[in-house]
Amino acid sequence: MFYSKCRLSSMDTPVIIINVKTYEEGTGKKAVELAKCIEKVRNESKVEIAIAVQPTDIYAVCHATNIPVFAQHIDAIKYGSHTGWILPEAVKEAGATGTLLNHSERPLSMDEIAKGIERAHELKMDTVVCAGNVDMAMAVAALSPHFVAIEPPELIGGDISVTKAKPEIVRNAVNEVKKINAAVKVLCGAGVKKGEDVRKAIELGTDGVLLASGVVKARDKEGILKNLVKGII
Amino acid sequence: MFYSKCRLSSMDTPVIIINVKTYEEGTGKKAVELAKCIEKVRNESKVEIAIAVQPTDIYAVCHATNIPVFAQHIDAIKYGSHTGWILPEAVKEAGATGTLLNHSERPLSMDEIAKGIERAHELKMDTVVCAGNVDMAMAVAALSPHFVAIEPPELIGGDISVTKAKPEIVRNAVNEVKKINAAVKVLCGAGVKKGEDVRKAIELGTDGVLLASGVVKARDKEGILKNLVKGII
Amino acid sequence: MFYSKCRLSSMDTPVIIINVKTYEEGTGKKAVELAKCIEKVRNESKVEIAIAVQPTDIYAVCHATNIPVFAQHIDAIKYGSHTGWILPEAVKEAGATGTLLNHSERPLSMDEIAKGIERAHELKMDTVVCAGNVDMAMAVAALSPHFVAIEPPELIGGDISVTKAKPEIVRNAVNEVKKINAAVKVLCGAGVKKGEDVRKAIELGTDGVLLASGVVKARDKEGILKNLVKGII
Amino acid sequence: MFYSKCRLSSMDTPVIIINVKTYEEGTGKKAVELAKCIEKVRNESKVEIAIAVQPTDIYAVCHATNIPVFAQHIDAIKYGSHTGWILPEAVKEAGATGTLLNHSERPLSMDEIAKGIERAHELKMDTVVCAGNVDMAMAVAALSPHFVAIEPPELIGGDISVTKAKPEIVRNAVNEVKKINAAVKVLCGAGVKKGEDVRKAIELGTDGVLLASGVVKARDKEGILKNLVKGII
């Protein structure tokens, strides 16, 4: 069954998360446009698709669409004197239902990851923690986020899907993560661009994919999204 | 003369900047409410008052009011692969006209300050760079921001205004900053709560004040704001 | 059997690691004196005791004694242009046989921990990675260091041994770490001061203890050390 | 007049500082060998030459030679619980007479620079603070180190001396630094390899040079050093 503005962690079905990074094509009005495009494909396909946007764009994207919106990062702080940091409560009030943490472009200390997960879960927000290899996916799983997203850094932004280039990494990540904490779901990313990459990811045991440039920098975003969801429906 | 949504750096008159930090009283809807209260006092008094809010609140505050809005921090990045960082272009598109940098709660390397100023000025955004003492105010002045805000860390959040506790620091900061770069304006902060603190700050040669808890945590925010502007009008 | 200048990771018997932090009592000549004192107790008791010293003291301590010497931190760099960072090869050439990593006073990103372990193991150096709770101990174990040292930060530097205050944390850490990687040994620390604390640590399943102020700041360092080893012999 | 083991900041004559970075050619025994080579040329030429080495090598280099030895970095900490950081007192006791700070490979916050200078000066150690351009050299000068070393990052490690590629940057840095604090001496670096580069640096108003690969990675280190000192004698 399909819910609008649901929390991804409560879904039984595979998910697709589109991370817009700080791409020009995913900033400000263009983030809102992309979110509307995602909303259309999501409504048509009933595939659960979320967007992870910059903190400055959470509010506008959440008020323009009904899709799940993720922050790209939160700091493990509470209300108080923390000028310049990203407060989980503020991210939630702006409308986000979850957050990425420890993206390879924003690495965190183990303590920051653990406390970031704790703060997000206190606020009933979803957590997707990134990891660059199987060992790190296992390490992250021990901290009990909702999702671990495994993305080999050498494949990020490239043309070959991790599911084709390193399927054994994805399969091992799923197996090892489940041994540590069966409740943690696994996503994979890096080079994912097509429905067949998504299908392969699911065959390898994941609960979906995390991707960025494949959609955000595509000329025909809607076409790409429609192709991606074919890997699930 | 009084402009709505002006850039503070283009004003000849003293300014007041309210930094909401990540206080509960300055997050989300409460940031918007506070901004509206500031707008009212600003319109009535014709004193230039700005607010510095969390990145998640810039959009809503800018769309609900007509006052100058500052970010609390930007990262010196450009469009691209920078998941989890704060893009100057995104801050600007959300509606901010300037940014704080190097707040004592968010210290930056000298290189990050220099590049942050450069990026903000490229986008025609105002820069307020914080410094904890006279030497650091001089150092910051050499990097040519629009404003240096001197805030002795030991007085931040306290009950005694820097203008009373350490007037010589404020006066020296003004003198030394002007020697290095006469175009850089000086603000002072820490413990500022009343119109007489603002008046004293201006007598000491500053172009205004940067304050936080004195307004944000006050029960009667409008009353405090009305009292503060009396130091200028 | 007892080896001089051995690698702790090759021992079957429990170990004691004394971290001198940057205490005055553990800097320069005093680090050398403390190391000699440790050497004496180590030789007499045949208990394996190592010292973790500041980078500037590794060379002198290694040339004055025959005990295993640990660095307190290494950066995961290689030979090259890294002015101001701590090169694993330099630490090894100065005489260290291992390193601490991720001490609560020097937290690292998960990637830095993984790469630091990799670099140390390339150089056949021992790794002791610190963790503040059971989840983090599990996470660290997934990265396969030789030792995980669990030290609840709230007990560090205090008077009550973790083995008395939170024995269940120590026991759980041992169980969970072994499930993830049975080859990883577990140390515990925080508040350890007496032989009975060491004995209790071993009863709880650890391979020894990591301690600091209990020895380094003691008036009678030799007396404390002699008492500690009684927990093992 | 020529002093052995002097503090560079007390010299009236130009100085040369060789930074070995973490080059293989400047680590461990090779650092000691290079220091001996420097000592020989220094004794013969009476030109003041210092070496900046890794923390692990300070002790051995200081005990094998009589030249001034610099750390590459210190942390602005005091005796205490700072596992894994670099204590100024430890650096001094190991034998260093000064430290580099804020090298482009180890950037520091403005507060860390200010406090690092303060800590070094408390211990009567020399400070050489690096800056990448004229603005940053001015900013650093406001913090009153003994030396500012200007090194345009784009020329570091290259074949063209900053004195040839950007003489105006060197000249401006000298002028602007002296305006802010006439007591601060200026060094320049990047691409410096020959005596004529050193001579030109001095003609431009500097008090000497900071260089790395030009000596450390040279096949004939003594030959290069002898050539460099010709720029001064």
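Here are some notes:
For reference, chains read A, B, C and D in written order, and residue numbers begin at 1 within each chain.
Just so we're on the same page, contacts are C-beta pairs under 8 Å (C-beta built on N, C-alpha and C of every residue); 3 or more make two chains touch, one makes a residue touch a chain.
Source: prediction; values computed, not measured.
Chain centres here are means of the Cα atoms, and by that rule the chain farthest away from chain D is A. Chain A and chain D have CA centres that are 46 Å apart.
The centroid of the Cα atoms in chain A and the matching centroid in chain C are 38 Å apart. In chain C, no residue reaches two or more other chains under the touch definition. Under the contact rule defined at the top, the touching pairs of chains are A-B, A-C, B-D, C-D. Within the complex, the chain B residues that touch chain A are 19, 21-24, 27-29, 52, 54-60, 72-73, 77, 79-87, 89-91, 93-94, 100, 103, 105-106, 156-157, 212. Per the touch definition, chain A reaches chain C in the complex via residues 102, 104, 107-114, 131-133, 135-136, 138-144, 176, 180.
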